[in-house]
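Here chain A shows up in two complexes: once beside chain B, once beside chain C.
Up next, the complex of A and B:
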């Protein structure tokens, strides 16, 4: 799988796909998309890269072990979920900034929660795929 | 109060962090916990002796009626004082007995948990909190019995006791659920009001049967008694604390507690008398043949527990008074004897009665404690045991049914118990001192003071029984039997039948000791009896159960993924087929079906072609690619029916799956035909059936009248409440956010599982296994 065309394409595809996955994550609240799909797309980006350049290169690019992403994502999601408790509101109540941020739009803890989902899914998918491809 | 009960758990949770400190010489500091609790509960005596029970409530799960309602009345105070008082001595004793143990901190942690659970159990007025604490005592007992976890006997004993008491707990839960349902309250105190309704209910026999199984399993009544001798594998402080003084009395407590609610019915009384009476005789008989000190004590404990059950069964105020007093008597002398056994074992390294003798010459205070405990155990005046035994005889003589018979059983049991008390309390200290034990010395004061204190206590209470008459025994009796008349405890009742029986007991016991030597050993016919003992039957059953489980597992969990899938799908097929034959009408309303568009036709055609290709292709990679095509076709169908979210996710997942497959399959050898045509036909038939049934199911869904309520709710509220326009996503992150939370947690666990399976490096030792 080290064909030149594929490698060239992959090196361009990685940033593009990652950007796309973030775009999908952000638009989730209004249009089709969301953290889960976003996470899957991001992991596809990395897996393609691993195909083209080998797992070692991808790991180097990632710097952290994909296992480490899972607790980070979970913590983010939990944080987003309990945030309303500090204001005396029930768990997972929607909290929103009063003014929309340019490009991203209206930001609330739902987006933070979705970001947590995104990171967990990315971590899970990469952990499973990397483990399997190293084992066979 | 809540703090008092939970303090054991709180301290236990800090123990791991203080491990180093506690393993060292500061371990005795933990004694402060039970001591403080003991003093705290002493404060309740004035209030309780004035017959004013204290009810302290904390809400826990109010919606289900499960609350921390702590009731301090006579009975619970008696037990609380016993638990904390003996706990104090045991904690102190442990610090010397287990000195230098590697896991001393852990041991103390378990003890603290046990103490908290036991306190919670006797103080709970709510039956479900009572049940939770009841189970916690079983669990902490499991850990304490299996404390020497490198010894396979210990582990086995721990498992047996957990199995038996756990089984009992299961029945107890059943009894509690029934009682709660019928009486309409979960408070024991309020149940007394609906006692008649409970007794008149048709389910009454079931309730008491379940309750009895629970109580008997905990309090080691025949035929559920055999876990207790095994439990003696635990370190001696545990045997003292759990398996003689407190935990095994939990069943007694339960029976006493429910006497005003369920008692005073022939079925109740007779069952308890039969089981208790048989147990006390059976165990006392077995105790005299044992040569291991701890086993002697174990069987005499079972016998004493039988006696208590028997007395509660008698049910007269006299008998209940005798039971209350005997609980105290037994806790004092039996704890003392166990502690002494621990000292002997610790100093000489053996518990074999045949080897031990003359130890009085090297450890006099221990010998004195042994003699005092034996006096109380045998009911020789002026010990407290004598007071207790008098009360027992007085109540058996007053029994309505067969006074002669029950008194006879009681006398014989007491003669046998006297024999075993001499074995445990006197024999190791009497006679000449063997050379081997010349160097034995008195242990640390923390070990010999507790049993001596208990022995002196027995004597003191015997001479001045008035000390606890009004403060503890009286209120305790009143909480078992609210109509009990006033009484007066005394050592000397004058010359009467009871005194004659006591004298006969003592005489008979001494005579038996002189005539029958333990070195004779177990007669052959006693050994023959044990072949059909409950222990062997239970052992056989559990072995068979294990074999069955093994057989079943190797049948259904054989490790082949294709078999698992086959089993799951066939099961589903059978279930669905049954359901569709009985309920589905096979009717499709064509007017509801939307017309087929040309785009859909194309997709369907590709789909069918891909499916056929997957089945017939000789190449793995091609099959995987075709599977991907099927996935994408399904995505397209989702798009046609306006489910873009679903389509997107399906598309991404399918891509990932194909990549994953390719990754794995790329390295596998070429396609090999390992399935013959028979297997293929079988798989084909099952697939066809399953597919057909799913199709029927899909069509059937169309016929169901759809409810638009939820759809409308989400459509209207997703923007108003959650500021989102994509309803699917709003449901995921907001309305059903907790679900998503749990799903991502499960995902994480699954990933860790995969990682562990693939990356686990077995070391050499494991590989050899």
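Up next, the complex of A and C:
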């Protein structure tokens, strides 16, 4: 798997796939996509990198342990879920900004929730794949 | 508004605790402190929820502010709030106990986070008013329990886990199928909405079949005859703290679901009643007979769980206010007592280093005061008056007599006698008998090798739960008032349905 073509492709694909995963995350509210798919695509980016350059390089690139991402994502999702409570609304109620943000569109706590899912999925997928490839 | 959000607080608190613990993945000591403090806080939260609904008020919350029957409803009536309170009491006792008994290596692999995910699932299952959401909470519970049952990875554990996994997975499939059929029939998943719609369905034959599917699904989960054999084969394999939370709460959530679904959606007809009564009687008899032949202490306790499930199912089968009241009282008593029983089992193991009752002995001679404490849960379990196991049996016995279920009455008595004889044997083997050949195993940390502080962490949970059992026995009047109220709410569901569906017009707008 250390072929030059693959390595060159992988180094270009990493930012592209990450960008694509963010795009998928953002379009997820009304169109197919969302946090789960986005997180999977982002983890594919890192897995490809790991196949091409070895696990050590990818870990260096990531800097944080993928396992540490899980609680962060969960905390974000819970935060998004409890936000309406402070306004006296039931749990998980959708709160939206009054004006759309350019490029991204109308933003609400659903996006925060999806971002949490994105991070959790990224953390879980990378933890599983990294620990399996270390064990092999 | 605050009271409405109070409903979801027990769930949210456990979830936040689990996440917080994930942040401290490697710091075992911090995890212990957070877990114990959080569990005590959760008792406070669920007690305030309980006090908010105790006077018969039913609180509802629509998740996402979607009106019923489309959104997911969370409902706290007296029954749910009581169960949440009991769950948090048991969970708090178990966290304290597990902080000294669970091995460090197991704690490192996420014991405490999984524990709080499990309790979150339990609280969610008790509080939800949506049948599909109930399924989701059941999944949360089993996924966490898979972690527990395999944590440690011994061969016997994996063997138990395979049985546990297979049967529980099957139960979930049946449960899910039943929900799908029900949705196809009624077009709704909200339990209060279903209660009204189920009567208008033409095809009542299929409704009956769905009811049986629910009975089988919940029956497997609550270890009902004939599908209980996974329980004694798997509950004795994890460590004492884990099996005590399993024993106290996992089968009881199945009972809760049975009581809820069969009082709200499928009101049992004559056939259903007699079916449930027969199953209850067989559960009592087969579980009791299973307990008699065991020499392994924890296997014997596991069979006792199966046996005593029969009391609650029997109460449901008779379906009168008094019988349901007995069943609910028994459920309240059983959650505390079964948790305590397995904690006692863990303590006895720490003292003697043995699981085989034949090789135990001399506990009374060495620890007389401790033995006295252990006697409280054991006597309560047998149902010696005036302790807590005695009171619900009055209702159950008298109702089985008045509804002419003599076979059930006989098996109730049989179950009690078996419990008495089995626990008397346990007492005489482990406590009174002279300890013949005390062998020290090097890999076990014995009770007398522990410092005073660690011993206290073992004793306090047992003491705490024994006090609650004593209160249930001596203050039975209060528990009866509670269980009668719950039973009458189970029979007359109009208040529940109104509380859920009546809130359509009172939706909150920002």
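Simple rule for what comes next: the second predicted complex is superposed on the first by the 136 of 136 C-alpha atoms of A that agree within 3 Å, B and C clash if a C-alpha of one lies under 4 Å from a C-alpha of the other, contacts with A are read in each partner's own complex, and residues count from 1 in each chain.
Assume a contact is a pair of C-beta atoms (placed from the backbone, for glycine too) under 8 Å apart; a residue touches a chain by one contact, two chains touch by 3 or more.
What you are looking at is a predicted structure, and each value in this text was computed from that prediction instead of being measured.
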Report task. For A:34, decide between first (touching chain B), second (touching chain C), both and neither. Result -> first
Report task. Classify the contacts of A:85 with the two partner chains as first (chain B alone), second (chain C alone), both, or neither. Result -> second
Query raised in the report: Does the superposition put A:44 against chain B (first), chain C (second), both, or neither?
Result: first
Query raised in the report: Now for A:124: first (chain B), second (chain C), both, or neither, which partner does it touch?
Result: first
Report summary line: The chain contacting more residues of chain A, comparing chain B with chain C, is B
Query raised in the report: A:133 contacts which: chain B (first), chain C (second), both, neither?
Result: first
Query raised in the report: Once the shared chain is lined up, is A:70 touching chain B (first), chain C (second), both, or neither of them?
Result: both
Query raised in the report: Is there a shared patch on chain A that both chain B and chain C touch, and which residues make it up?
Result: 67, 70-71, 74, 78, 81, 91-92, 94
Query raised in the report: Which residues, counting only chain A, touch chain B once they are in their complex?
Result: 24, 28-37, 40-41, 43-44, 47-48, 51, 67, 70-71, 73-74, 77-78, 81, 91-92, 94, 96, 106, 108, 110, 113-114, 116-117, 120-121, 123-125, 127-129, 131-136
Report task. Show which residues of chain B lie in contact with chain A when the two form their complex. Result -> 644-645, 648-649, 652-653, 655-656, 659-660, 663-664, 667-668, 721-726, 728-730, 732-734, 737-738, 740-741, 744-745, 747-748, 750-752, 754-755, 758-759
**Report entry** Of chain C, residues touching chain A in the complex
**Finding:** 1, 4-5, 8, 12, 15-16, 19-20, 22-23, 25, 61-65, 508, 510
Query - Residues of chain A defined as touching chain C within the complex - result: 67-68, 70-71, 74-75, 78, 81-82, 84-85, 87-95
